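In this document, chain identifiers A, B, C and D correspond to the written order of the chains, with residue numbering beginning at 1 in each.
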Amino acid sequence: MGTLAVDLLGKALKNPVMNASGTLGYGIEIEPLWNIETLGAYVTKGLSEKPHHGNKTPRVWEERHGMINSIGLQNVGVDDFFSHYFPFFVERKVPVIVNFFGFSEDEYISCARKVPSHHLVVALEMNLSCPNIKKGGISFGKDAPAVHNIVRAVREVTPVPIIAKLTPEVKNIVEIARAAYEGGADGLTLINTMPAAVIDTRSRNMPLKGGLSGPILKPIALRAVYDCYKEVPIPIIGAGGIMDAEDALEFLMAGARAVEVGTATFADPFAMPKIISGLGEWLDENNCAGIAAITGIAHG
Amino acid sequence: MGTLAVDLLGKALKNPVMNASGTLGYGIEIEPLWNIETLGAYVTKGLSEKPHHGNKTPRVWEERHGMINSIGLQNVGVDDFFSHYFPFFVERKVPVIVNFFGFSEDEYISCARKVPSHHLVVALEMNLSCPNIKKGGISFGKDAPAVHNIVRAVREVTPVPIIAKLTPEVKNIVEIARAAYEGGADGLTLINTMPAAVIDTRSRNMPLKGGLSGPILKPIALRAVYDCYKEVPIPIIGAGGIMDAEDALEFLMAGARAVEVGTATFADPFAMPKIISGLGEWLDENNCAGIAAITGIAHG
Amino acid sequence: MDDIPGTIRENSAVIPGYYRLTVRLERPLGEAVPGQFVMLKVPDREIFLRRPFSIYDARGTTVTVMYRVVGKGTEALSRAGKRAPVMVLGPLGRGFSVPPTGVCLVVAGGIGYAGVRMLLKRLGKRAVLFLGISGRTELPLLSDLKGIEVLTATLDGSHGYHGNVVSLLKEHLASYRSQGPTVFACGPRGMIVSLKGLLDADKVPCQVSVEERMACGLGLCFGCVAETKDEINPLKRVCKEGPVFDLWELSL
Amino acid sequence: MDDIPGTIRENSAVIPGYYRLTVRLERPLGEAVPGQFVMLKVPDREIFLRRPFSIYDARGTTVTVMYRVVGKGTEALSRAGKRAPVMVLGPLGRGFSVPPTGVCLVVAGGIGYAGVRMLLKRLGKRAVLFLGISGRTELPLLSDLKGIEVLTATLDGSHGYHGNVVSLLKEHLASYRSQGPTVFACGPRGMIVSLKGLLDADKVPCQVSVEERMACGLGLCFGCVAETKDEINPLKRVCKEGPVFDLWELSL
């Protein structure tokens, strides 16, 4: 029987499947249905130095084969997460990836500083889709030099590995990925949601603008993973519309070492456990010794 | 009964529906099914100074609710279009928008120069998604200064109105739209396809990388139209996943003066005639005097 | 809480646009508190997310909801036939909590009735239902409700009180004061807001069921928040900390 | 050419994985030339684009195609039941052109038979079918073909010639030379390439039906090109200038 175990930034994960940030609450909410230990790792909701309240409702809207959200990064703050929620993962020995953000370089730095260098903390996942309020709202994640600088700034204040999570709303994602790598990122998460909007012809207005996720995003995400794999020598976590084991395999073959599953969980709360067992079956059916070996095989 | 007529860059179009470039061949191919006079205007296949052969097959791939293409801009060249195909539109008095591209500034300029200032030529639609081969493959359409320059350069050599057609693969489409406007563009087409890829898990390879189109693109396109409408004072043609009259209305309400329909025609060759009659019915059901009045009403 | 496969046993219009849907489940739905809801997977591949519906009734391996057709999800659901497969996730959220004593004034606006029907059944004689509907044609919605005192307000005056349900309650509220009333409400936002105006002076105990667009129903996405007066975390998840909230803790 | 609504009348497996689909149309399909095809809208909302299939038979208001299940579109099609609605766009493309005299050697590889079946019916006694299949289990594909001389090659040797169909043709080609043969072929690319090798020395007249992934089938998208020796426009649309091409004009 093949093994699902993968190595990510020096930590052994029991499988390459984790939730995408912001789509599994604080982790405990799923417990009535299945155990968090099922996952290769848990990715936190986006955390910030201080608590954030987020946006007004409506915050979610269904799209054909996807959804749009404008949660607005509501979270309890990094301190509260580590005092109230982190012990739950420690007790269950579940590796944690700490997704975080800021609206200024200082906020990124002070948030990162607060993350302890615990053996279960696999990495800091930097959400680079945030606007830099100090610099007139220009996003941190859209210009290569800005990405380089912010990653480097965080790199200097923490010994924890850094994964840069990129937005697809850029002119060349490979260039941004390279800038993150050169700034000191140890890994990449590709991709975050794509900006989108809804128009309601009955009420004749625009009820919601926000980030598009779900199956609709998959071909865009696959292309980002495929293109970055050869150009940037750090592990990639693939995300965007993964609904089943077949989708997960596509990302692994395109070059991902692990995958994050987000929106799928809303359509089927058992999506992740199913993907994990589906990957196991695939290994067996294909006489494959380990899932780690299929990373990037689509490149020939 | 309300009127579908709209004014576009000083020309009266009988309705706001046209094909998206590259999705209705040279126009004549659809004649066995319906007459080209049905359309508000015909948009040419992307033309270049010299003929282009395009890419190898596979060139098309189906996606969930969309498709990916890598045609590679195969075309007979602008001269051949005007000598062999343009007379067909003149005979039928169908307004034509000439979509064109180049792989260098010179190619854009010489192609634009070859387009006659005929009363049926509504505008030149500049496809700004092309890589600039001379400048190391950096796209013309992804940086504001580059867009400004190329539009200005073309502006100087032709009296024909210019519509800049933008790619969504940019960091801020409003900024690019503004640069096109400031460079002299008279209108915008939003949007072109989004880069995407397919992985085939059976053959374990990547059969096709190309541009994503179809319904899957709609929320991204709507957001581009919505955001540019208030920020850039020139008419917008909306494109991206329009399948029916309802979709077309969404674009008009978001701020488009007219719409282009592409991929829908492949799923249903009568998509455009149906959209046109659907818009007419909508006007009647809503006691609306003219379709032109709904442009941008989602902005309140 | 569980995610249970089931098949549709009945899905028929009670009155035009209002359906009662009964699903036979593979295993029983866990013990439900009135006011809790389920997330239902509509048997149509075009409907991506599940839709939240209050538990109208649940017994053994069947669960019933009542819904109004308002958009593409409920529209598709109304087309689903007998034996169509569905998934039922629940029971979810925090339901009503009934005080040990006192009269229970239950205020329902339109389809809001579906959100209090299980509560009414539990309360029996302790409850008085104040129902707001648009006209007498909507009365059949109550056809399976027996043994409950009902006061009806119709907007068109075709039955009972002519006006909205909060005005109707206003006419009667004083008469219940001595019985230590608790108000329970489910209905459109406008109804809740005017109810708050009515009850404000005396701060009558009141629990309301709140609706918001949901993606997960499980507290995972933070898509469904309602604003409360909590100073540290004002935005509470309707699906997790709600859908039933203390009216006086909400910021409306 | 027309886009015609229809309903499935029969859709059953001839042998496992190979289906014959008959559609009853609202109006007759226009006059079709053998080798032409239709774009079929698969009755499944997950299938976005239409799929091209050779016209296997067309009479009155029915049209028949034969298909092999190879991917999600044909898979979904195979699940479609009687009376399912389809749309049939056609007849499309340029079919075979039959010379006034001479023997017609028709070479079909596997499901390629579907592409020449109508041609065989038209040719009748003038035709000889060289059929390449993997084994005798595929022989039922020909069950409805009467009055045509058939030579079969099986890869597993379970029937007829043991080997591929081009080798079989090679064994017989000389014997037809005096009858002014024209070769017609439909099958996998590998077959066409080796056929070209066989016929190269004498440049025997040969028409082949080419397959490419298609989006529109109408010449609108330029998604389906094949390379020819035309110096000005080498890339021809399979759906418009093809699917039948003169073998000697193709660049393989």
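Before moving on, here are some points about what is shown:
We adopt the following convention: a residue touches a chain if its C-beta (ideal position, glycine included) is under 8 Å from a C-beta of that chain, and two chains touch if they have at least 3 such contacts.
Quick caveat: nothing in here was measured; it's all calculated off a predicted structure.
Any chain that touches chain A and also touches chain B would be listed here, but there is none. Contacts with chain A and chain D are shared by B, C. Distance from chain C peaks, on a Cα-centroid basis, for D.
The distance from the centre of chain B to the centre of chain D, each centre being the mean of the chain's C-alpha atoms, comes to 36 Å. With centres set at the average Cα position, the gap from chain C to chain D is 60 Å.
As a whole-number value, the distance joining the C-alpha centres of chain B and chain C reads 48 Å. The set of chain B residues that touch two or more partner chains comprises 63-66. Each of residues 46 in chain D touches at least two other chains.
Contact topology of the protein chains: cyclic, one closed ring where each chain has exactly two touching partners. Contact between chains, as defined at the top, is found for A-B, A-C, B-D, C-D.
By the touch criterion given at the top, residues 22-25, 29-30, 32-33, 45, 51, 53-54, 57-67, 69, 71, 74, 76, 214, 263, 265-270 of chain B touch chain D in their complex. Residues of chain D touching chain B in their complex: 1-3, 41, 46-50, 73, 87, 89, 212-216, 218-226, 232-235, 240. Every residue of chain B that touches chain A in the complex is listed here, in rising order: 63-66, 68, 139, 142-143, 169-172, 194-201, 204-206, 209, 212, 215-216, 218-220, 222-223, 226-227, 246, 249-251, 253-254, 294, 297-300.
Within the complex formed with chain C, the residues of chain D that make contact are 45-46.
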